[in-house]
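Letters A, B, C and D name the chains as they come in the text, with residue numbers starting at 1 for each one.
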Amino acid sequence: MGKLTLATAQTIISAAFEKAAALSLKPISVAVLDDGGHLIAFARQDGSSILRPQIATGKAYGALAVGTGTRWLQANAETRPHFVQALNGVSGGAIVPVPGGVLVRNAGGEVLGAVGITGDTSDHDEACAVAGIAAVGLVADCG
Amino acid sequence: MGKLTLATAQTIISAAFEKAAALSLKPISVAVLDDGGHLIAFARQDGSSILRPQIATGKAYGALAVGTGTRWLQANAETRPHFVQALNGVSGGAIVPVPGGVLVRNAGGEVLGAVGITGDTSDHDEACAVAGIAAVGLVADCG
Amino acid sequence: MGKLTLATAQTIISAAFEKAAALSLKPISVAVLDDGGHLIAFARQDGSSILRPQIATGKAYGALAVGTGTRWLQANAETRPHFVQALNGVSGGAIVPVPGGVLVRNAGGEVLGAVGITGDTSDHDEACAVAGIAAVGLVADCG
Amino acid sequence: MGKLTLATAQTIISAAFEKAAALSLKPISVAVLDDGGHLIAFARQDGSSILRPQIATGKAYGALAVGTGTRWLQANAETRPHFVQALNGVSGGAIVPVPGGVLVRNAGGEVLGAVGITGDTSDHDEACAVAGIAAVGLVADCG
């Protein structure tokens, strides 16, 4: 199936930054994780606040934790808040359940990793993740 | 009263997998815990997401924590969310309060352990746990 | 490269148990983790003590954390105790640095996962892991 | 005094990778933190083991924690192990006290951030950090 390489991760980040610039967003931070939830590459734009590394990573980790983008987690946080709270408990507080955590799938549907973005609105963050994943020819799963 | 042996736990897992196959469910993960809350056996089907070990274990642990299946915990999460949040606090984040955590009792009602399943809907997860426990001639308590 | 399937993990566990029986060991526990450090399958033999799940998992996780079997970690714990203590810190206490955590590599040297075993002496634990990995035609890296 | 920008951090990472290639090192991971200890940029080369993000970050954080490179922390770990253990305690396990965590100072001696590298020997890791910092015209403090 192939793995996400560092080069691919860095291209995802660059393309997400280009999308953010095109949309005139506030500074964003981008984390790219492999399929095991481990960081491959991260970049935080100048002027970002200090918890952005954890938020970006927590979105990507949340997507990998349950096997779908974090838009699904946000929907569950509204209908079953106790479930999403419990996911944070069993993960050691590692999950940020709002849009902007997007699974990276290959053409066959296999999960290769996830992208997490934070800094602007959740919808804009997610749009940048989708743009980054599209730039490397892979498939975004927003949940 | 007898304890849950590893052989019994493995039979529970196999029977739960058969039920999942019969229902054409998504990949599931099954944890079997002894009456002290300690893992006896676990299996995660191919294609499962990465937090499934903690979710399955957290359902089984939740059932043992309060002495009834996690369906009871979900009901409490809706009527008394502060109580279920507190259970997560005092357990160090170890409880997942949605259906699919099922106590294993013997004919005399004694608790021998618990089964936790995750991967499909909570109702389907629970049905697999019940099937697994029935396959070894023990009594399922869903809460 | 292929991933460790559940079927392969269960064969590793069975073969490790056969080796333990042949050596007349005390009850052992076996954890098989994927290449991201997530549990695929676990089994704890009857009569084992209660922390064995965490110890077995911690050995396998330790091997994956640094990319070599835990025999290497034990050697470092003697020459650079501050480094191994720090690994436990940054991993949230997830590492058990004694022999018995063995990487599973394919013929090309790629890491597919790890096996962690505990219950008897560390050397015997490791021997069972090696036997389990050999039974599925993969390569054991003890460190 | 100026802060470390993302562009500067990315140049440091690229230059560290060039040094690693020139020395034919094993795959390395590089974390660049700002003066508050927060991640600006990170990259993990293909083939690295899974705990490398935490180890790289822990080296850089350790340097910032005490205001000098982690070579100083390793020396203290040998002469005053209780002190370094206590630093890990009060930091929540965030410090890796071996060489490879290097402070980034400007010409006036002010601390702008830190670089942490892991993957090869600690001495080689440190050499790559020094090369990365030199490439942007700043001053490396190894401790």
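In this section, contacts are C-beta pairs under 8 Å (C-beta built on N, C-alpha and C of every residue); 3 or more make two chains touch, one makes a residue touch a chain.
Keep in mind that this is a model prediction, so the values were computed, not measured.
Centroid distances built from C-alpha atoms place D farthest away from subunit B. Between subunit A and subunit D the centroid-to-centroid distance comes to 26 Å (mean Cα coordinates, whole Å). Separation between the centroids of subunit B and subunit D, computed from CA atoms only, is 44 Å.
One simple way to say how far apart two chains are is to compare their mean CA positions; for subunit C and subunit D this gives 30 Å.
Across the assembly, subunit D contributes residues 50 that each touch 2 or more other chains. If you sketch which chains touch which, the pattern fits none of the simple shapes: not an open path, not a single ring, not a star, and not all-to-all.
Shown are all chain pairs that touch, namely A-B, A-C, A-D, B-C, C-D.
By the touch criterion given at the top, residues 3, 5-6, 9-10, 36, 38-46, 50, 53 of subunit D touch subunit A in their complex. Per the touch definition, subunit C reaches subunit A in the complex via residues 34-38, 92.
Contacts from subunit C toward subunit D in the complex involve residues 35-37, 64-67, 80-83, 85-93, 111. Note for the complex: subunit B touches subunit A at residues 48-51, 54-55, 57-58, 73-74, 77-78, 81, 84-85, 88, 91-98.
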